[in-house]
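In the part that follows, the structures are each spelled out as structure tokens.
Next come two complexes, and both contain chain A; in the first it sits with chain B, in the second with chain C.
What follows is the complex of A and B.
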């Protein structure tokens, strides 16, 4: 079963623990400047939104790379940059419609989310479960459950009532 | 690791920006943040200096845990001689600026001198520039942050700046970072303004490493779990600091109308729960959501939106968006202490304090003092310029906060702070201050430990220098009778020393509701080289406290300044748990001096200085 990062901005408090965890995984230091996941603070609406690569099935970055430095990890489905092959041409950063592949000045290569080999540090570090790592086929399950509960308003009590007189 | 071992020293008179090695001898004695910055200030300035003279210095300092993945790692401090108090000032702020300063590669930024013209400092890792701020002078904190990000084409820059209050000499101007986080107290923003320094902007990309990564990650995780499981810190997540309003008011230690009463009939309308009530007018709640500072897994911050139909913002669409909401102290100072129960007006006043860079506590309490002066007829419409300063008037609050923010009209008088304001109009007894600084939201008559904590606080009246409320009211760890004086000298000393140590780590003090000093110690030990045992941590706290005291003594403060306003010492509380009681300071002070190893005239003895290696 493949898993996907599932992001719920409603739960995000904007603490950046995920950014620290990501950079730590990458380079062994706490450095949000090198994180592959970013939290955006929309102050005027009081919203905090985590954003990172969603690992497109047909990945623009992968197809655009002239040296085939971006490959798919067959186990996780992640599109992974092979640093040894990457020449830092940045074409993938243009091809990606979402801006989630970025150039890293200190390494001269591009960096993007690689799902930490199937155990993403950001999801583990998130204190509010705004970022979770779940069955790729069912990233919508929580939202469905929430709406299912709303759709069902009142029917539980209605169903329970008729059974009561029957017992008497 | 831990420390970058690097200081950035900026001399605004000469226009120089230089780096120098951190004094590691001092770092091993004073750790970081509050402790280490205080040591630098103590060694580098004459404590008798005029706070707003160029010879005063302003130090922005991080701690060894700032910028790490330990929970609440976003703190920095502003240390200087306080413009409000003339005592050593150390104001602590969260948000994201502190961590960014650390990521830029500096443990500390020392600001010296005075620029000839308004300037701001732009730090891009090791590229540091002093740039003209002529386009920023006269602008608010919010406009300043937006302008800097836009001008440098970098939305990831973090900014700490002063508003117009700091430019126009308000005694309690603060330094605001990330729009609504403030190094709030004692007039640290006033000092920044006196240096013609509008803002410090930082972008840091160097990162922070720890000494023992494996151990550190384990301790960081375990201590986060402690926070997650504590009812106290969960309460902070849900209701923020505002959650204590109802308890403190019900106990009867909620200073009301400039400390004339200890319970406020309108407290429930301005507390943590009220922020969740759906407004009839627009169908929304004041509270939008909670928010976190850098690295914080508690997220006590409030994001609020004002009812657009409310009189304070009706014709001001720029205040219809969400922004930083009320904390307990702010809600109390501008609310209960002024007898005002209008949550929307308080939220508006809070926005303006953030926007123009004013300490919400000192502003609110100064307004409360002005209201008492007005109601007693000591000042009239003539002095106030027509402001009807009646207790309970939300209209007066809204007008007053705008004037104070800009330093205009009677706002200029309000910017003097309670002490100078009341002295100016011949009634110093109306000022509810210690060492020139206004009280926080706890009346000491019903929590006797606070009498001592307020009177001996090194930065003037303050709840964050020895929060005996934790044991006297909430029973965190242990519970003491709030009405007696027994054991209070000891608990006050313990709270002061512990807090001094915590404030030197780079973490917030709020985890202390779920942790003891043990957890901080484990984090420091895993993070930092050297020996940071519990014994060392307690010694650190005591050392910092004594160093601050020595600074104040040299600045000319004496035992006569370790006191409380007459109202608290002589007028018994009318209601509440402390009904019939006054603040019994005299019973505790000599014992406290003795426990501290100080002489009866409040000087740390030579033995104490030697023992602590101050």
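What follows is the complex of A and C.
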């Protein structure tokens, strides 16, 4: 069973531990600006919403990449940017309808969540279990994917099943 | 069943992969026109600036990709199509048969009819061969004149400027990237380039190019507004047009691009078209047009391949969108960025810091956007436009503060996913 990040904004206190853990894990600095997970603050409601990549099946980023730099990790299901191959063209950043691939101007490459190879630092750092790493079929991901499907242009792998055997 | 794909850019290569996935036993022939393995034109600026080697521009990182997937690759020029015999004529005199044919022949650079422009030393920046030539000729102090400040003109500017040349741009439009950005934004990009030491002339055009035999710099360039500019090297990035010549007499209907229906079929049975050569469906207008952008080319390729494989897949339309890096200043535009009749907009301008965000609405739905200096979560603009999310009260909030974009997105588009 593949696991995925489950996010429960009701439990988020906005402490930003996840952002710092992410930045430290992936960039070696406690600078939230480098984090792949972001906490958004709804001031009026006093609400915090953690937000990152859902590792969606459609993988717009992966399909849009012109140089084959985004690949799927077969173990975790994460869509991972190969830094050495990424040229920094940013096409994936506009193709992802969730806006979870970002361009890092200092490295000239794009960055996105890679699930830390199956041991996500954000989930470990979260003191309130607002971010947990659980079996994929548990999460709100399906709903998110349903929403994402509206952006679909008939190009998902799910849609790509032959409806009738086309003759030879 | 034999599938033949003409053109080995993103549309053709994506199509070949999908066809292999769906039709394990079929024969697939991919024909490319250039000597290199299939590569991405999008990656050329990064090759030019030295970030990647030539191999870094290839569409597939695995050198054995085509062999592994039993995709036959042929480098050839297709000169004619004979749908009656279901045959392609190649420049070599050979022919190749097909059962299903995909035309993904892309576009080629065009130049304005200016006296002197036919000089063979004037180069475009479209192919790897062009890039090699530019890299060789751009030396510190070389005077370079670049015609055109469209998408390609802008994206190669950083690499050219980085070689230490003296760069001058001549653009016909009243601003930079006029087909992607409005006046405010296009002029901000112009000011940015000027700050970086590049000379930019807008609202004018080259009217005559003189090549001087005995004097350096060897080119004297006359402009419409009466200027005389000198250059050692001229780069023409004055637009591209669909490659259609080989279709004469084939019966495949064209009108500034190959006409296709929502299943990517041309007017001739068993012939499909995809990518920069095809007039595909536009998400925003429902009309058919040549978008000539990378994400659309790959969408076309996938959908065409599915239809060729017998999986009936209508194309609901691709969203026109672009992301551009002009000497380090990042801009993007989406959908109906120029606004719609009876529409409404939100705008944020910070000239000093080269920041701009403009959102176009129809009722309470986002239909277009332009952004300058935005690199974080920029994809939500696509998400909001293509899901036609009703923003409700968030539209007014965005009008008073467009930077609330992410909050609006989370509150409206993602609301259903939050417990």
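By definition in this document, the second predicted complex is superposed on the first by the 139 of 168 C-alpha atoms of A that agree within 3 Å, B and C clash if a C-alpha of one lies under 4 Å from a C-alpha of the other, contacts with A are read in each partner's own complex, and residues count from 1 in each chain.
Just so it is clear, a residue touches a chain if its C-beta (ideal position, glycine included) is under 8 Å from a C-beta of that chain, and two chains touch if they have at least 3 such contacts.
Every value quoted in this text rests on a predicted model; they were computed, and no experiment measured them.
> Is A:57 touching anything from chain B or chain C once the two structures are fitted on A? First, second, both or neither.
The answer is neither, since A:57 touches no partner chain.
> Check whether A:99 is in contact with chain B, with chain C, with both or with neither, and answer first, second, both or neither.
second
> Name the contact category of A:89: first (chain B only), second (chain C only), both, or neither.
second
> According to the stated criteria, A:74 is in contact with first (chain B), second (chain C), both, or neither; which is it?
The answer is neither, since A:74 touches no partner chain.
> Is A:8 in contact with chain B, with chain C, with both, or with neither (first, second, both, neither)?
A:8 sits against chain C, while chain B stays out of touch.
> More residues of chain A are touched by which partner: chain B or chain C?
Counting residues of chain A touched by each partner, the higher count goes to C.
> Based on the superposed arrangement, let me know which partner A:108 touches: chain B (first), chain C (second), both, or neither?
second
> Let me check the overlay on chain A: which residues of chain A are in contact with chain B and also with chain C?
none
> Using the touch definition up top, name the residues of chain B that touch chain A in the complex.
67-69, 71, 96, 99, 103, 156, 179, 204-210, 213, 224, 228, 288-297, 299, 301, 303-305, 321-323
> Using the touch rule from the top, collect the residues of chain A that touch chain B in their complex.
Result: residues 13-17, 20-21, 23-24, 27-34, 43-48, 106, 125, 127-128 of chain A touch chain B.
> For the complex, which residues does chain A have touching chain C?
For chain A paired with chain C, touching residues are 8-10, 38, 40, 42, 49, 51, 63-64, 66-69, 82, 85, 87-91, 93-105, 108, 140, 143-144, 147-148, 150-151, 153-155, 159-168.
> Using the touch definition up top, name the residues of chain C that touch chain A in the complex.
Touching chain A: residues 1, 10, 14, 18, 21-23, 25-26, 40, 42-43, 46, 51-52, 56-62, 283, 294-295, 298-299, 302-303, 306, 309-318, 321-323, 325, 328, 330, 332, 334, 375-383, 386-388, 406-407, 409-411, 413-414, 416-419 of chain C.
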